[in-house]
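Shared chain: subunit A. Partners: subunit B in the first complex, subunit C in the second.
== the complex of A and B ==
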């Protein structure tokens, strides 16, 4: 018995000791594994001399004079600032020709090794898949605005358009920030103007402009030189479109004040179609800009429909063109690379006291025009925080003005800027504080091209009744418009499905147990933005259906107009 | 003996904890991949487990990944999981809503998925609203249900349904109701040109603050214009224009706001 007890005790002691040894063994193994993991992580973080500087890349397609130099300046300043903060940083600029940019852009993103900061192309799906959302950052002040008038203002509100153009409505998110903006102006050969008219006084109204053009033509005949009063970029119908939109807005923008159903600053295009169908719009007044094009178009170059920008610039530089309507992107080279004096003027507006005084509604303001050159941060960036800082730096009040206004001679995107010297001509006009609006004779690209082709024919063929000729072409285009509305409505239907997909991505994010409180709060905000966007998108779909349903009534009204006004039409 | 048993328990506990942590980490990684639209990665991680929530993510990829969409496989699986009691509670409302709404929007495009029109999403929306009344999913479900009424041209029912939900809402986070007030503002204007009721909802939405800062700014402008143009209330219109100009001085809408204020004051002076 005693022996049995002793054996039992011995067994117990052995088992206890074994248990203790096991526990100790596991403890030692755990310590080893933890230490090993830490040392691996540590060696990854350990900076070798060669990799001490964090490097990011910025890529874009802007090859215009001054742009790359402006970005280089911003890079130097940023690197200097970071060095003062004890951080070695290198930023590399890559400029890609615009022709190959789209393919290069996609390839970069798919490869998983893109530049850190890239100029965006419009596709919302690509943006949402490959670019970092910015919404949590844009509601806070830009840290690089300390000590400036924009110091306490949310980053998004430091842009002239409040980042309106940057919201991706399908994914309820901001993926990029713009760094420049442009407007339309007219470049004037002052030497030629003076020789032809006896004065350097530039026209302020359409009527004065037509008078100047007549004199330039006469002068050309006098000196036996084929002078072109107005040089027009015909390819793409850009200039004709610009003229028509401007004069349409100046004669019809009062509809913004009276017909916007929801009280918006601008009546949405689709609501214009519905109002047209309900007989609320004055057709004769809406067609008045066609008559203006019929008049001013006489002074465009022969064959203008096939002239491109380079050809027109060449004609301008060689002193054969007096007025060249174009955007501000080429302003500096236009003014400095010519052997004669050049003045930049706003496009002459309709006179409030002239021939069209009874239908003149007022000049539109320009600070509504959206910001371009949007840059986003790729999700694949190895240094997303640094890339974000660089983007904030580029769009900061001081740097944006310096890079855009001083180097490129372009308007800046930030508010509270001063336009002095050369740039004074680019200062956004307030005009009569009227909002612009779109014409309900066309909707998307195909109907727009058809309408502008009609205007080109009216200019080149000079029919007796320009308004009736155009109205007939719009009637012919009704099937195209209906198709466009149907396609857009289908697009909206697809987008409503995609938006549900987006909602599930946000919901999945919220379901994560490893999300921080701040991130969860941000996702909840995104979820609400997504619901608001769904409501807005559904409203757009309804408006599109209403516009489609208005087309037959619009056609009837136009046919009535034609039969009441038709005289002899070529 | 006790020591050995404790050690064994410790080892077993650690193993279990490790396995659970790993699965939780995989679940989080899968959710993160899906939410970043990294569908291939989400599918790969979803394939690591047979748990219903993993299968749900796989089904969602089949439905919403347009590059490799497989509605024939994804939609029935989504339907099954949305009805499954094995799906963890926290996933259920999301699954039900995704299934209902996917059917609802696909029914508008029958050429893409012809079975969509066979499913009535309405009972599912109403179930979500009843079962999860204070969730984001219920807010979306109310919006979708109201839009369904609109498609049937039951405008009054769309408004009534939404207002009933708002009136019976007991949740603490009233900000969730903001989109519904925005929707009601639009409905009153679109369907009945009833600017009085539209204004009521616009002002509540403003108090609750739209999540989209652009929407908040637009709402301020709309309120001023509705007072001015449709309600002919000069006193409130003037107040709202001034407030807009003060709150949003550098925005594009500040320019017409200043003009409207000037015109309103000139009209008042003439009276």
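== the complex of A and C ==
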């Protein structure tokens, strides 16, 4: 027995020793491999410092069809161009899945060795801490626009939104430039439409759309198949929100002309609440879009409130959905992966001559909508000038069109771009159309979600008086709205401290004697932007307080509306 | 029983203790620090980033008076009770499997239970979501083919507020989770054959054997699974989020506390409020675990 134990102990010791030797061996090998790789890389750089290519990296989370191919094309063109100029340049593309992007992004930035050009996430503090300010460059023309319609235009003004969406108001700075944009469209199963209505004519107005939907439903009854006139991905309430805001703007955007205190193109969001409190808004007209949702919602897919994007796409691809309202990001796969003909149309608008002609106030301006995919240059970049050039190259008239419109089939972000073929349907609506309008029934996320839940209920439960039902829900949400105004007002107060600190820093910088003329000019521009933003933020804070103070009056008006209209129904 | 470590031994084993310090530091950093940080933020109005303002007990007061919070606990208690019933099935399956005398057949059955474990739970959830799809989903398809509903009718399994919670409870049928079955089976296999023989000699029926021998002797496993189930159900929100979204379904009927935290913190930016709900979940879980340990008795 004792001998057996001794044997066991010996065996265990041998196994432990073997384990230790193996671990040590692997450790030595890995040290050797790292040291070798390092020396090889170092020697490569040492051998030919002049001939070595300058390498920059671009990182993003866009894994959609065609995007990486588009960027690859831009990279090749950029490398070719730089080679012609006698400079060896290598650009590496790094695509990170969106799910882990924000963690990856922050880790990269903190590590001090991030990619040179990175797709930004919204945090203004992170942008200010880790990204290069661009204001000095955006006022000059993009050098890669030579010989194009954007040749003499400042880089900033070559974007469809004039880079408004890229301004970081707290730090009075531009830290990134967008490279693509998206808008909302409706994808139509033409085969189903033809089978149901006898024609491929797509609806242009809400009234025509409702007629089409009726026919599709009847056709479904005829062939004993639960056909869906409008496939709605309702789980995040995005589509319902989009419908409502479009119809709200189309029936109320005349307030942009009449209520704006300073004659701006649009009335600031918060002023709508003050105007509402002062009794300047027509409640019945503002509630009309709820009635429209009540009407068109009858044709939304059954159970849309819990249906997600994948499910709706699946239903569309299998031919069960006739109209699918969705953004332009999936346009190419929606058209190419379907076994039937697909047409992309704008969201049918309210007809100026139809049922709602008395409250129709115009189409919605789309040109500056949806500029996204903002890329910034990291302060830690080893080749910031090259990174800036590459970003300018990506947003140049020719390359932006080529990469976005030809490869991704997405609308380009640069002005004067040509929409041809498949992309014609994505051309933004401009012309006589107007700006969109903030609806004064909700403000931030919580009240917005509550209002959208109410609209969902109106669609699914089909109450007799949709407007009154919605008005009652808005009254219930008044405390939430008040909370939101209070929180935002406190946030603005804090931001004003940050902005004031930032403005002081800029002012001190201007006084420095060692500044170059260009840097001083840049600091002056930033100082002006900072003052403007501080004033704008203070105004916004005051507007928030005014909106808060209007809520009781708004509640009273809504309660009056409810009592008057409830009686008339009864 | 813990033994005291002498200074002499500590000197001898210092290397081992030093190695233990590394995972301990990681646990402190990644587990305890966030909990501590969350606890501190109960007393702040916090946007999850840099902006915070001390508000004292405001968040806790709001949580305790928020009817939505208590509704969410009511919903989660329905899920806890339903999961309690769902535990019966794996216990039954384990007992039946334990009594398969043929070794080869027993092995085959065990393998068959383990194989589904390789399918990620997310896939299972997504499949059930498609089963519930009103237009093309399998459930409505079966009801149509059986003539229960007409070809163009649909039952809104997840979007009808009367059906949302029952549908979420029913999802995952028949609930024979391999993990639970294997744990109970391991417990059953530890019961000495002599105990069975004595019971048979005394003329005990199979049902009597189950209630008087098998169930009391696997109560350790049952208790562990019960505690885990209660903690997971109270803290869980992913299933509800996946099935009905962050609004918690129609009128938020299926909103559970975890989902409420997610919504308040990440949707509405009220991280301090979210932390306060989290603290309430922690207290309730602690209380239930205490009750469980105190009153669910195990045979040793």
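One rule holds in what follows: the second predicted complex is superposed on the first by the 504 of 570 C-alpha atoms of A that agree within 3 Å, B and C clash if a C-alpha of one lies under 4 Å from a C-alpha of the other, contacts with A are read in each partner's own complex, and residues count from 1 in each chain.
Quick note on the criterion: a residue touches a chain if its C-beta (ideal position, glycine included) is under 8 Å from a C-beta of that chain, and two chains touch if they have at least 3 such contacts.
Not measured: the values here are computed from a predicted model.
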*Could you tell me if A:303 is touching subunit B, subunit C, both of them or neither one (first, second, both, neither)?*
second
*Now for A:237: first (subunit B), second (subunit C), both, or neither, which partner does it touch?*
second
*Once the shared chain is lined up, is A:490 touching subunit B (first), subunit C (second), both, or neither of them?*
both
*subunit C versus subunit B, contacts on subunit A by residue*: B
_subunit B versus subunit C as contact partner of A:52, first or second or both or neither_ = neither
*For A:532, decide between first (touching subunit B), second (touching subunit C), both and neither.*
first
*Give one of first, second, both or neither to describe whether A:430 is in contact with subunit B, with subunit C, with both, or with none.*
first
*Go through the superposed model and pick first if A:518 touches only subunit B, second if only subunit C, both, or neither.*
neither
*asked:* By the touch definition at the top of the document, which applies to A:501: first (subunit B), second (subunit C), both, or neither?
replied: first
*Name the residues of subunit A shared by its contacts with subunit B and its contacts with subunit C.*
125, 490, 494
*Interface residues, subunit A side, partner subunit B - complex*: 12, 15-16, 18-20, 22-23, 26, 125, 128-129, 139, 154, 156-157, 160-164, 167, 172, 256-258, 260-265, 365, 367-368, 379, 415-416, 430, 432-435, 490, 493-494, 496-498, 500-501, 503-514, 524-529, 531-536, 538-539, 542
_subunit A-facing residues of subunit C, complex_ = 45, 47, 49-51, 53, 129-130, 133-136, 151-154, 156-160, 164, 243-247, 249-252, 267-269
_So in the complex, the part of subunit A that touches subunit C is made up of which residues?_
123, 125, 220-221, 224-226, 228, 235-237, 301-308, 311, 314-315, 318, 320, 444-446, 449, 453, 456-457, 460, 487, 490-491, 494
*Touching residues (chain side subunit B, partner subunit A) in the complex*: 1-8, 10-11, 14, 24-25, 27-28, 31-32, 34-37, 57, 60, 63-64, 66, 90-91, 94, 97-98, 101-102, 105-106, 108-109, 136-137, 139-140, 143, 147, 150, 175-176, 178-179, 182-183, 186, 189-190, 210-215, 217-218, 221-226, 229-230, 248, 250-253, 255-260
